[in-house]
Structures are given as structure tokens and as C-alpha cells.
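Letters A, B, C, D and E name the chains as they come in the text, with residue numbers starting at 1 for each one.
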Amino acid sequence: ASGTAAGATCGQAQLEGPVRDIVINTNPSSPPLSLFILYELLKQQFRCFGSVHVHSSVENVPEGLCKCLGNGIRSDLRNRTDFQLAITLIWKDVKPSPQMMMSAAYQTPIHGESNVARYLGRILQPSYDSLDPVTATEIDTWVDMASTQVLLGNNKERAASLRSLNSRLGKHDWLVGSGLTLADIVMWSALHQTGQAAGVPANVKRWMVACNGQPAFQSALKLTQS
Amino acid sequence: MAATVSINPATPPIGVLLAVEHLKDSVPVQVQEGKNTGLKVNGDVTFTTVPSICRYLARLAPGKQLYGSNSLEATEVDHWLEFSAGRLGCPADFGDAVQYLNQVLGPRTFLIGHAATLADFAVWGALRSNNLWLNQLDRGKAPPHVTRWFRFLEEQPEFKAVAMALPAKPESSRSETRK
Amino acid sequence: NTIQKQFPSEPFRFLEPSLRLEFPEAVAMLREAGVEIGDEDDLSTPDEKLLGKLVKAKYDTDFFILDKFPLAVRPFYT
Amino acid sequence: MAVGVEEEVKSLVNFLGLPAYKVTTHGDLKVPQLQTSNGRTLMGLATISKFLAKSSASNGAKLLGTSPEEHAEIAQWLEYRVTVVDRSVEKKDVQAMLKELNSYLLDKVYFLGFHLSLADLVIYHGLHPVMCQLNFYEKQQYQNVSRWFDQVQHYPGVQQHLPKVVFVRNSLYTSFDH
Amino acid sequence: MKLLTDSGNQHALKAVIAANITGTELQIEEVDQASCSGQLPILELPSGKALFSANLTCRYLLGNKDADDFQVDEWLEWESSQLQPFLAPYLVTCIGQGKKDSALLAAVVPLLEHLDKALKDRQYIVGSSVTSADVVVWSALFPLYGDSSKLADELTRYSGIVDWFQNLSTHEAFKSAIATVTKGKGVSACKAGSTSSELS
């Protein structure tokens, strides 16, 4: 069996066997909120094992962050290998943050919240990547904007992004298609992390309220309030 | 119906042109000159960035595996698309970005797997249009693994085809420096 | 349980709480790197060393606990 | 070291899309001998490999290079195979060879630079038993050889009967290790 | 083109003879083997690349004057992979250091017999003119047969080799190559050369 096959973890059937452990290193100064939302969604589809560690490169990580991944452990599951998916979150002094590792032998560490989110979004069923090419690429385009214009952008780029968002959300309830997608999750996360959630224009505001009402957003929402 | 990509010939999106050339037998795409880079999909949707256009074209021909062969490889492609548009294009980060690329390419012929993907197209395209890089390469100052990878891709058919359509490199960087 | 310790020349790196891997996960990591090993096989010294390097690459820790050996491998530890 | 040389010639014949040839080995050195269709006998792996490549209309020309300089370079690596690779048996000879090849391959994807040639095929076969013996630390130490070998074994049609050698694609060992 | 070689290196003969035959200008630079990454001689090509095989250097320099024949390939391969492994130790010990070692001689004998048989009633190893097969094998045997006044009995009985060798030695290209490579000292220059380079 070639090593890269282990990366082909899409779909419940392929997730059987030894636990697939996704390691995410991330800086405690900016928790990647989209990760917690996606984790909630993954828990609905897979037996997930979440664990949180603090790396020796950082100190004084707030307690809230150390307890941020609920396991949803069922009482009949005792071994890690009883789970289909593990997420090992490590608070660590990394730049750029976060970084994701699955396969120590073959892959290049994945950088950036947007790309970590894409990987988790490919494990979720149906994978966003398996949607039609236009929809999948529209999602990626919003995810790119969340990452490069909002999270990493300057004030001018952020303002421009908000205008695009507001215009889009004036005509649609969600960023892509007729329901919640990866695009909404990553954009929501980026707006919160850059402190823009409060002063958004009306259409964006309505969309944010809709996001806040989603059960999967609750744990992330709690982190923004702590 | 053939898709139409418009490009500005003064600042050609090399990564897109490489994808078009690579996929030309399975995805008919016309390239026309225009003011801005863009691919209009329908009345509502136009993709205007190199990563988005590349992604869309690759998804039209999944059998060509330009997006890798599994979820992890696909995400590695995303990682490099973002790298090519981000760190590599930022002059302040350029030196570190090339060193990072060099370290990654030590054990690799291609960035992902054993054939060219969007990752190679996008990163190569970003370097090819970067004068800092062309200058380093010309003076023999570019790190060895990136140099090897860059020159190897340059020899591949789709890269040769695209290079012919590009504005010439600055004169000094065309003569190969050999040790 | 056995405790795996590596000997780094750089500052010791570790996780709090410590990383715990189960034997089948270790076997899967080694197999992914191309090592041929059975589910119930004991780890040879070179395998243990390689596992240490793979764990370091994936988790960036010099210290981890390897748990849940199959009975056939370590009868004394149960 | 010449064990399996008949299989090697066969896999080259397959790769080139040629009809089967009769191959035997000769003498203590197990020098391969090939009967051509017109009854001629050719001796020696380098000679036979070159003959086969030349006989293949479809693939041969690309594999033998396009200029006198490339012909000479390819022939030189065929000679290297029979004079150095096949004669490096002791550990220190193997290490010296790998060190030499590792520095040669730093700026190359294939032996001639950027396209596959007969040199790659013949040295791939010669080095296969050596690469099988290396541990992961040594594979990283000879990173350029490893990268070249992995690229060649993944080239369509090359691997054939030989088991795939596994290489990791990340540097697992720092310079402080070992 | 530039040929890097060290003093009295018999393998440099292969390149110099070929250059003489074709009238190629060859600039010879004497370097120290210890300072080189590959085995000398090394030919620097116009492209900047290098050939480190004396046999292929010879063939490259001969170019169109060489026969593109698989028999030539066979002889070059024979010289490098079969003759040299036995001839070189014999040259170092028996010719270079003047020791008697019958085992080393015995290993060379079948090879000489093979060549002798191939040369019966022939002027050249392959075809009817000089090819790189002649140049390469002749250069390999130069330390043995180069001094016709002192030929040992065990060598003179291969009359096919002796006649072929002496015939080629009268060619201008060969004569002037000996003068260039040995700086006029003849076989004795190769003794020193073979002891130092073959042992390394």
C-alpha cells in the first residue's frame, strides 16, 4: 500500500481502521474559530476523539482554550482506536498559524486556517469538493477572500470584502447556494477574529445572526465571548 | 461550449495559462485578450483570481489529477495556491519563502506526488513573473533545489508552450549560467 | 505501558498533557512510511527509532507514551 | 551483483516495446549475452542496452540522446554501471559511489538533466539492490539519489518486476542526529 | 576543449590519440588527482559539462571517424569491465613495483588470449580502419607492450597482439600522443603514474 492512500480519508467507509489523527498546531493568540465549528459538524458524522495539548513553546494558555474540544466520548468507547477520527489540537508558537499534519512521511504541513478548513470540509460528507465545479470553486473563492483579504488583509481590503459580502447577502441568505457551506463558516470565523463582527452592514448582520443560530456554531461563539 | 478566459497580456496569469495548456485536450478553453483576468462561468459567476480559475479548470477534468489524487493532496494543492499568491508575492517575505520552498523540494521532483499539479503551475508561474527570482537565478544565487525544479519544469511541453507566449525575461536572465 | 524517550540535541520539546499513542496507531504510522510489520509484531529497535522520528515530525514532541501493546507482544506488562 | 541481469534485459525489452530476445549469461562474471534476430551475439550489459534502445523505433531515439555530447554522456553512465555500480560490493565502496552520485544529482532530475534516458534505466536497475538495503537515515543522507530513484521508479513502465523502494518525502532527521 | 589529467596517465592516451586523429585542438592541463572529484582524465565539454570516462572521451573525440558499430561497443565495455579489473592490479604490482605475482599474471592471460584470437590475421580490432576499440585497448596495453625492446616472454607469444600493437605504434597519431602524454619518457612515465593513480 502506498503511503498517500492514508490521505484518502473521505467517506465513512474509508475511515474505519486505526484512528486517523489530524494534528493541528495553532497559536493561542488567535484561535481558528472555523475549526471548532467544523469539529462539531464532524462529530455528527463520525466517532471523533478530540484532544488538546499545550506545546512546550508556549506558556500560560487560558484554561478555556485547553478544554475547547469536547470529545462526545461514548461510554462504550475506551480506546483511541475505537474512534474513526481524532483531532489533536496543539497550542503552539507557530507562524503562520495554524498548521496541519496528517502524514508525517509524505505531506508538506498545511498552512493557514482556510486550508485546514478545506481539509476538514473534504472529510465532511458530502465533501464540498465533490459538489459541481462552479459551486465548489465559488466556495473556495469566498474562503480565499476570508483568508487573504479579511484575516491577513489591511483595512482597505477588509472594507472592500465587507462591501462584497454585503452586496452578495443582499440577494442571498448564504454565501453560496441555498444553505450553510464552508464559505460561511470560514468567513464568519475571519470576521470574528479580526474584531469586525460588531460593526457590519445590515445584510451581513442578518447573515451573522443566522450563523449564530446554527447549533454547530455554539462552541465557537462561546470562545469569542470568553 | 468552450469556456473563455480573458487575460491581460501585460501581466499574464501564468498559472492559468499552464492549466489551460495542460488541459487543452479534455477541456476546451479559449484565451482572449482583455483588460482584466477573468473566466465567466454564467450570468452570475465570474472567477477573477488565478487560484479560482485554476481550481475551476482542474475540477472540469478530474481525471487529469491536477488537484492531486486524494483529499490530502488536494489540500496540499490549496496550500501552494495560497503560498504562490501570498508569501511568494510579497517582497518582504520573498527570501524566506524561497528558502522554505528549497527545503520542501529537497526530497521532491514535483511539489506533490510524481507529476505536475496546480501547485507546480501556480508556484512556477509566480516565480517566472517575479524579477527578484529571475535575478537570483541569473546570478546563480538561487537555492539549488528550487533552481533544479524551476529549470526542469521549464523543459516540460506545457511550460515551453506557455513560455513562448510570454513577454521575454529581462535580457540578462536568458543566458544560462552554468558552473 | 512503555515510555519512549528520544535524545535530542536541541531543547527538549514536549506536550502537556503528554501525547499518548496506541500500538495500532504506531503500526499504522510505520506502515505508512513503508515498514512491513504485522499487527502483533514487536517493534524492532530501528522501527522504534523511525517511529520516534515520525512522531517528532507529526507532533513535534521528543516524548510520548506508547500504549496498549497487543498481549502477544508484551505479556509481562499487563 | 549481476544476479537478475536476464530479468533486467527483459524489462528493458518490455519498456521499449520490443519482441522477446534470448538472453543468457556467460562466464564467472555472468556477463549477459543476447542473440539478435540475425543470429549475431552481443556481449555485455552496456552494449546490449544500447542495442535494444537503438532497435526501438518508438522510444529509442529519445533514450539515446540527441547530440554527440548526449550520446557520450549516456554511454559513459552505462560504463559507470558495469565498472562502478556492479563492482561496489563493500560498504565503503557503496558509500563512496552514493556520495559521488548524490553530488552529481543535486541539480538534475535525471542523469542527463531534465529528461529520462537509457542511463537512468540502466543505473536504476543497478542501484535497486543498494537502495533496498538503505535505512531511512541513509536515504535522507543521499537525498538527491533518493529523489532521482523515486522519480525513475514512478516513471510509467520502468518499475516492472522490481519491488518499489519506499522513500519518505520529508526530512525526518536533523543534522544533529546520528 | 580542455583535458584534465595527471602525470603519465596512460588513459589520457585514449583522448590524445583520438584528438590527433581528428585534428581536434586539445588543451592539456595537468592537475593533481587528489584535487579532482572524478577519476582522471576528465574532458571539459564546450557546454560546460564533463566526461570522466576515458573510453567515451575517445569515442566522443573521434566522432564521425569512429565506426558506429556494436562490436566497438563490446570492445570498449570489455576493456573497462573485464580487462581493467585484472590488468590494473597486474600493472601496479608487477610492472610498477617490479614484483613477481603469478596469480595476477594468470588472471590477465585469458584476457590477452581473447584479444589475441580476435586479432589473428587482422590489422584492426573492428573493420578495416582504426576505431576507438583499437585506441582504447592499445592505450590499456601500452604499459605492457610499449617498450618493444624489453617485452617479456609471456607477452611475446601473443603474436596477434604484438603485430597489431606495433603496427598502430607507427601511426603518427599514436606516436605523437605518446610523446605528449609521457613527455618523451615513454613507458617509464606510466610506471609512476600507474602506481599512484590505480591504488587510489
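Just so we're on the same page, a contact is a pair of C-beta atoms (placed from the backbone, for glycine too) under 8 Å apart; a residue touches a chain by one contact, two chains touch by 3 or more.
For clarity, every value in this text was computed on a predicted model and none was experimentally measured.
Asker: Using the touch definition from the top, what's the fewest steps needed to get from subunit B to subunit C?
Answerer: 2
Asker: Of the other chains, whose C-alpha centre is the longest way from the centre of subunit A?
Answerer: Farthest chain from subunit A, going by C-alpha centroids: E.
Asker: Please work out which of A-D and A-C is bridged by more C-beta pairs in contact, and write that pair.
Answerer: More C-beta contacts join the chains of A-C.
Asker: In whole angstrom, what separates the CA-based centres of subunit B and subunit D?
Answerer: Whole-Å distance between the two chain centres: 32.
Asker: Measuring from the mean C-alpha position of subunit C to the mean C-alpha position of subunit D, what distance in angstrom results?
Answerer: 36
Asker: Hey, how far is the Cα centre of subunit D from the one of subunit E, in Å?
Answerer: Roughly 27 Å, centre to centre.
Asker: Find every residue in subunit D that makes contact with two or more other chains and list them.
Answerer: Residues 166-170, 172 of subunit D touch two or more partner chains.
Asker: Using the touch rule from the top of the page, what residues of subunit A touch 2 or more other chains?
Answerer: As it turns out, subunit A has residues touching two or more other chains at 3, 6, 103-108.
Asker: Write out the stretch or stretches of subunit D touching subunit B in their complex.
Answerer: It comes out as residues 106-109, 114-115, 140, 143, 146-147, 150-151, 154, 167-171.
Asker: Within the complex, which stretch of subunit D touches subunit A?
Answerer: 164, 166, 168-170, 172
Asker: Along subunit A, where are the residues that touch subunit D in the complex?
Answerer: Residue positions touching the partner: 2-3, 104-108.
Asker: Which of the residues in subunit D come into contact with subunit C in the complex?
Answerer: Subunit D reaches subunit C through residues 135-136, 166-168, 170, 172-174, 176-177.
Asker: Subunit B touches which residues of subunit A in the complex?
Answerer: 4-10, 100, 102-103, 107-108, 110-112, 114-115, 118-119, 122-123, 127, 129, 133-134, 136-138, 140-141, 144, 147-148, 152
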